[in-house]
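For clarity, chains are labelled A, B, C and D in written order, and residue numbers in each chain start from 1.
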Amino acid sequence: MFENILFFISSFLVLGGATMVVLSKNLMHACIFLLFTLFGVAGLYLTLGADFLAAAQLVVYAGGVVILMLFGIMLTGGTENKENRFGIEKIPGMGSVKTYIVAGVSILFIATVVLKIIANYMRHYQQTDLPEYMTTVERIGHSLLTDHILAFEISSILLLGALIGAAMIARPRKS
Amino acid sequence: MNNTIVSYLSQFEGHQKFLAVASEFLGFDVTALVGFVIFFTACFILVNVAAAIGGLGTYAERKISADIQMRQGPNRVGPYGLLQFLADGVKMILKEDVVPAQADKFLFNIAPLLALSGVFATLAVLPLSSGFILTDLNIGIFYLLGVGSVVGVAIFVGGYASNSKWSLLGGMRGASQIISYEVPVTMSIISIVLLSGGMSLVTVTESQGGLPHQWFILHNPFTFIGFFVMFIGTLAEANRAPFDLPEAESELVSGYHTEYTGMKFAFFALAEYAEVFVLCGIVSALYLGGYKVPMDLGNGVFFVENLGLPAVIGKNIGQLLQLGAFFTKTFLLYYVVIWIRWTLPRMRVDDLMTLCWKYLTPISLFNLIGCAIWVYFFENQSMWSVIFKAGAAGAGHH
Amino acid sequence: MVTLGSYLFLSFALFVAGLAVIIARKNIIAMLLGIELMLNAAALNFVAYTRFVNSNIDGHIMALFIIVIAAAEAAVGLAIVIRFFQLRESIHIDDAAQLQN
Amino acid sequence: MSSTNLDVFMPVIILIALAIIMFVGAIGVVGKLLRPHKPTPLKETPYECGEAPVGSAWSNFNVRFYVVSLIFIIFDVEGALMFPVAAVFKDFVAIGAGGVVLGSLLLFILILASGLVYCWKKGDLDWVKSFQLSEDQLKKLNEVEAR
């Protein structure tokens, strides 16, 4: 019962948030809607039994990436920066209403066909019953230290590279 | 197995009997429904307690500052001015809700809500006692970090949306301060997780004892330093003095909530005071033994076996003792937080960043490495048992 | 009853939303937001298949590294955007058409 | 129907719902009935200590804020990766494989600490760079102070 409620809340957040990210003209609003979408994805992880991933999603995205994005927006002139160097305002939205309608109909058509094909394969996958609410932390920890220890160490080098590279690029220069 | 308040209550016979009778009477299995009702009631009580603690926090702040500055403090409403916070609440709700004309209305309205829900969601894992914990998640402390960081977003968004220069400066400062101090706090928490071998707050608390020498603060020299790193970090995360730069009234008017009036301001303030309470609780659970009572009185076995009380009463007395221990430690820390605010001057913004990145972060990394080496070499014994064993071995040698 | 298909549909919707943002927006930061959405869609797929098809933990590890890479990508991407803004006073993708100056 | 028991997460949802109810109830319902609503243009200008505000507040900012948040996010991700490893460290020590784990953990931390050292050396952690006044500026400053 609660799984279904959580699933519906999360999927509502995901779908609504993603739609609003696409539609909102204000970059700040898009960023906040992205935050809601990420919350929704964290909720979906919970329903899938991935509690550690849900928390990691919250820590890295809600605390890190979204704040980074907000800072980035502020540093590049806030939301008022709509003009390019030719002085022409380019608001998103390409094509006309007709294009949207044709694209939507064709997407629906293709999606129906593809889903019909995939559905046959999907039927074989039954939901495996997890006996209890199981913690994934220990399993992830063991896995990170045995099978995936190389990936674990290399990710530190990736992060080091990202840190040095980004700090070097973004550093204010004397001019 | 996860402890929740529902699983704690369901161990009693009365609860089981009630479930059986109610199921028979209503004709369906009421376990899920009763679980929901218990959760809802507990959450409701906890939210109200947090709101009252937030309100009383403002009262305590004024009273203690008055005490320090040899003044009277609030003394008109109620006995000793205790009901001052209710009067403030009524005043807040009667205030006009002014939204600046240039502001971003949507973000302006949603920012206090983000802060409030971020702080309230952290209450779920607060280990009040071993039974009266709302829910003991396996990822407890990590979940708390994640949900708590929403407050940083809320402060930034609130500062941005007001479209006032003071607010924006305060919001930028607040967000960068909160995220900066999250690094030493995270590292200190990881060193505690290393020692306790689990991220759930009950696991962390249970691996300590009731007496001070069994607490993690005195477990080894690294955690002793780690406690102070963590405490300074939580002060900064909650925007408390000497780190209250986001709302520095002498330079930024009122910081990120300059433009907020009425209830929206009240919710920001409530979120701040409740966050101080939650963070103090977490520090006491991580380093000061949390709800542990000396001599294992907390599990109630003593009352049942030696005093001959029934199991229900004995266990609940134990829980109440644990609750008392937790709140005592937390409120002591809360008092220290307020005391620091009225003692130390505010830091400069560059000193703040220097303190975080050049002192606390290297120290906390060093602590983390030290704790890992300690766990490896001394197999997780505390320094007292290591010293004792070395002394016993030396005595035996001679 | 929640099935694998519903998760795949949500993941698909997220991916399409990210793609739409990347195609329709001219703002580089908005495009970064779109990339985040797409990475989340990929991670969601991994976790969903882990849950429904086999229950070993490798899918979770994969999703964890996707989160790591998304954070690193956002950091470097935004650094490039900020540098670009300092040079051109603009964050329009069309202004990034030249290699030098 | 799956038998996964997610009920332990129920309080989280309830608490967030309570926060929303409290917020909407106090601001949208009760407050709306009780509080006055008399907007004037002067009231709705941003507060700037009595001065009329000039321009919008949404303008460029010091890039140092970004560098700090950049270092933060790298360490945040590092924390997210290290939490599960830290949680199982004791198990590995108990079965006698602690040395390998300790080594990999130390390597992981030291690689990232070297990034911190790099930023420290390059001065990214200094909030305000000390700056030297030129001769002319010093002279002007002295004149101003003498006045």
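Basically, a residue touches a chain if its C-beta (ideal position, glycine included) is under 8 Å from a C-beta of that chain, and two chains touch if they have at least 3 such contacts.
Worth saying up front: this structure is predicted, and the values here are computed from it rather than measured.
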Quiz prompt | Pair exhibiting more inter-chain C-beta contacts, A-D or A-B | solution = A-D
Quiz prompt | Chain whose averaged C-alpha position falls nearest the assembly-wide average | solution = D
Exercise. Report, in whole Å, the distance between the mean C-alpha point of chain C and the mean C-alpha point of chain D.
Key: 22
Quiz item: Roughly how far is chain A from chain B, going centre to centre by Cα mean, in whole Å?
Solution: 29
Self-check item: Mean-CA-position distance for chain C and chain A (Å)
Solution: 6
Practice problem: Please list all residues of chain C that touch 2 or more other chains. | Solution: 1, 64, 67-68, 71-72, 74-75, 78-79, 82
Exercise. Two or more other chains in contact with one residue: find those residues in chain A.
Key: 2-3, 47, 49, 52, 56-57, 59-60, 63-65, 67-68, 71-72, 74-77, 127, 130, 132-133, 137, 140, 144, 155, 159, 162-163, 166-167, 170
Quiz item: Going by the touch rule set out above, which residues of chain D reach two or more other chains?
Solution: 7-10, 56, 58, 61, 63, 65-66, 69-74, 76-77, 79-81, 83, 86-88, 91
Quiz item: Classify the inter-chain contact topology: is it line, ring, star, complete, or other?
Solution: other
Practice problem: For this structure, give each pair of chains that are touching. | Solution: A-B, A-C, A-D, B-D, C-D
Quiz item: In the complex formed with chain C, which residues of chain A make contact?
Solution: 3-4, 7, 11, 14-15, 18-19, 21-22, 27, 30-31, 34, 37-38, 41, 44-45, 47-50, 52-53, 56-57, 60-61, 64-65, 68-69, 71-73, 75-77, 81, 83-85, 90, 92-94, 119, 122, 125-128, 130, 136, 139-140, 143-144, 147-148, 151, 155, 158-159, 161-163, 165-167, 169-170
Quiz item: Which bits of chain B are touching chain A when the two form their complex?
Solution: 1-2, 32, 104, 106-107, 110, 137-139, 142-143, 145-147, 149-150, 152-153, 156-157, 160, 172, 175-176, 179, 182, 199
Quiz item: Touching chain D in the complex: which residues of chain C?
Solution: 1, 64, 67-68, 71-72, 74-75, 78-79, 82, 86
Quiz item: In their complex, what parts of chain D are in touch with chain B?
Solution: 7-12, 14-16, 18-20, 22-23, 26-27, 30-31, 34-39, 41, 43-49, 53, 56-58, 61, 65, 68-69, 71-72, 75-76, 79-80, 82-83, 86-91, 93, 98-99, 102, 105-106, 109, 113, 116, 120, 125-128
Self-check item: Parts of chain A lying in touch with chain B, wherever the complex brings them together
Solution: 1-2, 26, 28-29, 32, 35, 51-52, 54-59, 62-64, 66-67, 70-71, 74, 132-133, 135, 137
